[in-house]
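Common to both upcoming complexes is subunit A, partnered first by subunit B, then by subunit C.
After this line comes the complex of A and B, so read on.
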């Protein structure tokens, strides 16, 4: 019952391709998209990229088909981790609206579900899941408000990957019962995007019910965005804004991440 | 295959059979309660051109207005409310808003305003409403119904002020609107024109499209056999065939055709020609009522046509289907009804809705 969103459009340095993808997403009916910057620490020391501001990409964002408002574009970071040390939430993470993690081992999956400060946990779609999902980390993630993401473009590209995507998705659905799941493309090309109602139908193949499948493209994505906003606030209640006045000691305190302050000071 | 995949989203079809001359016939009520109509299709077998009577009725259809960026509170301000909304016959529907994504606003001719809001807007607006009947897991959509003809909603009263304040200051909802007013001729449209002149608007006539089909196989229908048990075809098959004719889908089921395997249901007759006439726009029930009356008169003179059909489609994004029954959109939001009229003034009425809908009356 909320607007349709696609929270995974791969970032590419080719500006025209990115613009074309966002225009196609607006044409298909998505009201919000997230540009995904992927970071993999296993390779030689990689730095966390700075997200490009949206105004750099478009002077005027395209209008969503069938409505009169322009499409909304947010930035997202995906950290591919094989080791717990890879995920270190630094200040650079704060410049992204959404943070996702792609755990490669079972131990990391458990830690990511229970403790990591992320919004999205990606599920493997290009390979067979190396570990089984267990009920306790999955339920822990659901309680914390973390969502599991299934990308559908590998299923479009290759038939072997299609098998893996469906198999992994069905495993997940058995454990999580269709809750806290989002579906998104991991589109690198314009032709890999599909319309929201088609993806809701694809959700049925992945084991979701009709209502859950439609929620996976709309309501759950909205929840993910709100969860991303709460990472910059204290318990999702207090929101700090930079004061425009010359910096005083008080302003410095207000700018420090509110979550690090003790509870009494926040009141 | 998993059992979920074999299930389709449910749809409901209600079929009624009666005679136009019967006093207790409810065809008038059904037509007048279906407030927001988008498309009307007339299908007459063995007819080449539109009869003059029908043509003149269609010419007299009401024009409607498309207003850009109209704030909703303007439609409930005192003057407009008293002169237009409360007097009845005023239809308004928000344009380019999706019922499953955005906030949708509708004004019913009975003087009610329906707001179908998402959770954020509802909580900010602060008006009393009910969660939608079609919420999945959590309540994400709420429906606020305001009845301006109610005694407690007099202009100047507390409840009215709260609604006006909410829409004016708390959440100033603004969207494009489709407006139509059923004028009985003597009413002045001063207030409506006054409001429209403040914003950019267009006056639009319903669009018409005519097509004469050649050599069309049509199912043979017996007026008394609604369910298709003795000679006629099943209502589902009939509606499917009618839909394929409307869409221009070939029904010959030739071996080389992989796109369509639709066939005309048995028993069938081949008609040498058939007329398909479509009218689209923001159509009000009163116009459709007069069209239906004219269609009843079609069989006053002897004609070759054994039957004729009138299909009326509702807006897929309207918040109500029949009366104040809530309407939703899962993967489709159809809500339409279809009359089949016979020579002896018998009629069939099929009313169909989709997944997120109540049962038609």
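After this line comes the complex of A and C, so read on.
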């Protein structure tokens, strides 16, 4: 039994709509969703938003279809970059579980694949891809464990967007051969979500094979989450657990070395 | 003579307001799906739809739809289903989407799945009940519904009855 995930649900200030979207996602059988905050540096002085905690949204999370566990909600930041200076990994990025980048130029795509410390690279779905995918950066990204994301909501909204989405997806598949691809919704409304099996089948239109399409909504998403976790840990080995209750500074300092020590001993 | 093999797509129609489900008809679904396949796959899609595609069952209460198509082409038709954003019925446009629940080779397996699925839905809904009295109320409502249906038209479609039975059993446990 695979676990389905949708790693892109657009954040809206409308709390009711966000709740309804997450409830629908649980009804459709997604066991993890990511709320997406987008930052665009075209306007001057764009602030990186603070992620809302999940407990603010829900008192009790809805139960996933076909499971007995509640849905898991994570936060994700998408940085739209047109210039290399726009991507500055600061402490603010650390408060998100996942970080994605949407490169606008070929040069940036290359650096995003090779050097940027991100989990997801978004592929254009609302316009024609302004550059061709090259083999070397894509292979580099696959080696580093960075995933490419294709959103399907623009394809549902409009016929021209659908052409762009399918064309860009096919372009990417020629190079990456169906590896390291995730499919997600980028939904802004409840009725823009689709069931996981439908999306797995839609992957066939995007040039994925049957197994790859199913992996794109399940196992690949899990890898993305794990990759996001390793970003916040030291070398992916040492892991510090967040405290639920805010503690005083003194106890934090006292406990930090102890926990590290026990972890390393285990290894 | 070998029979033509089919695939049955058991789908659920999701709408924002449950009242608008009453507008569902087989003809409406048929045209919506055909239009979507035509938009996504052009003339070839239309041609594929012409052979062996039909809407077998529509439940206007739960929004469950059963589509039948040839085994060779079901993936093509299925891939067009996510692009349905609304259906037009009696002059009204209803925003909705189709969520595929199950793909089966016979109506029988789809029916079995539907009974199981409906039971699970009831279990999910019962979680929202706050008190034992409310729970009892829901159980009573479900039982009365199935009994009334049977009395009104004894030969109601088997699937509907089965589904209700499943729901009733779900409450008892």
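Basically, the second predicted complex is superposed on the first by the 238 of 267 C-alpha atoms of A that agree within 3 Å, B and C clash if a C-alpha of one lies under 4 Å from a C-alpha of the other, contacts with A are read in each partner's own complex, and residues count from 1 in each chain.
In the analysis below, a residue touches a chain if its C-beta (ideal position, glycine included) is under 8 Å from a C-beta of that chain, and two chains touch if they have at least 3 such contacts.
Please read all numbers here as calculations on a predicted model, not as lab measurements.
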Which of subunit B and subunit C A:211 touches, first, second, both or neither: first
Partner chain in contact with A:31 - subunit B first, subunit C second, else both or neither: first
Subunit B versus subunit C as contact partner of A:2, first or second or both or neither: first
Touched partner set for A:193, first subunit B, second subunit C, both or neither: second
Partner chain in contact with A:201 - subunit B first, subunit C second, else both or neither: both
Which superposed partner A:219 touches (first subunit B, second subunit C, both, neither): first
First, second, both or neither for A:66, with subunit B first and subunit C second: both
Touching partner for A:230 - first (subunit B), second (subunit C), both, neither: neither
Residues of subunit A at both interfaces, subunit B in one complex, subunit C in the other: 66, 197, 201, 204-205
Residue ranges of subunit B in contact with subunit A within the complex: 2, 4-5, 9, 96-98, 100-102, 118-119, 132, 135-138, 140-141, 175-176, 330-331, 355
Subunit A - residues contacting subunit C, complex: 24, 27-28, 63, 65-66, 152, 155-157, 159, 162, 190-195, 197-199, 201-202, 204-205
Subunit B-facing residues of subunit A, complex: 1-4, 31, 66-68, 179, 197, 200-201, 204-205, 207, 209-212, 214-215, 218-219
Interfacial residue positions of subunit C with respect to subunit A in the complex: 14, 16, 39-40, 75, 78-79, 81-83, 85, 95-101, 103, 120, 124, 127
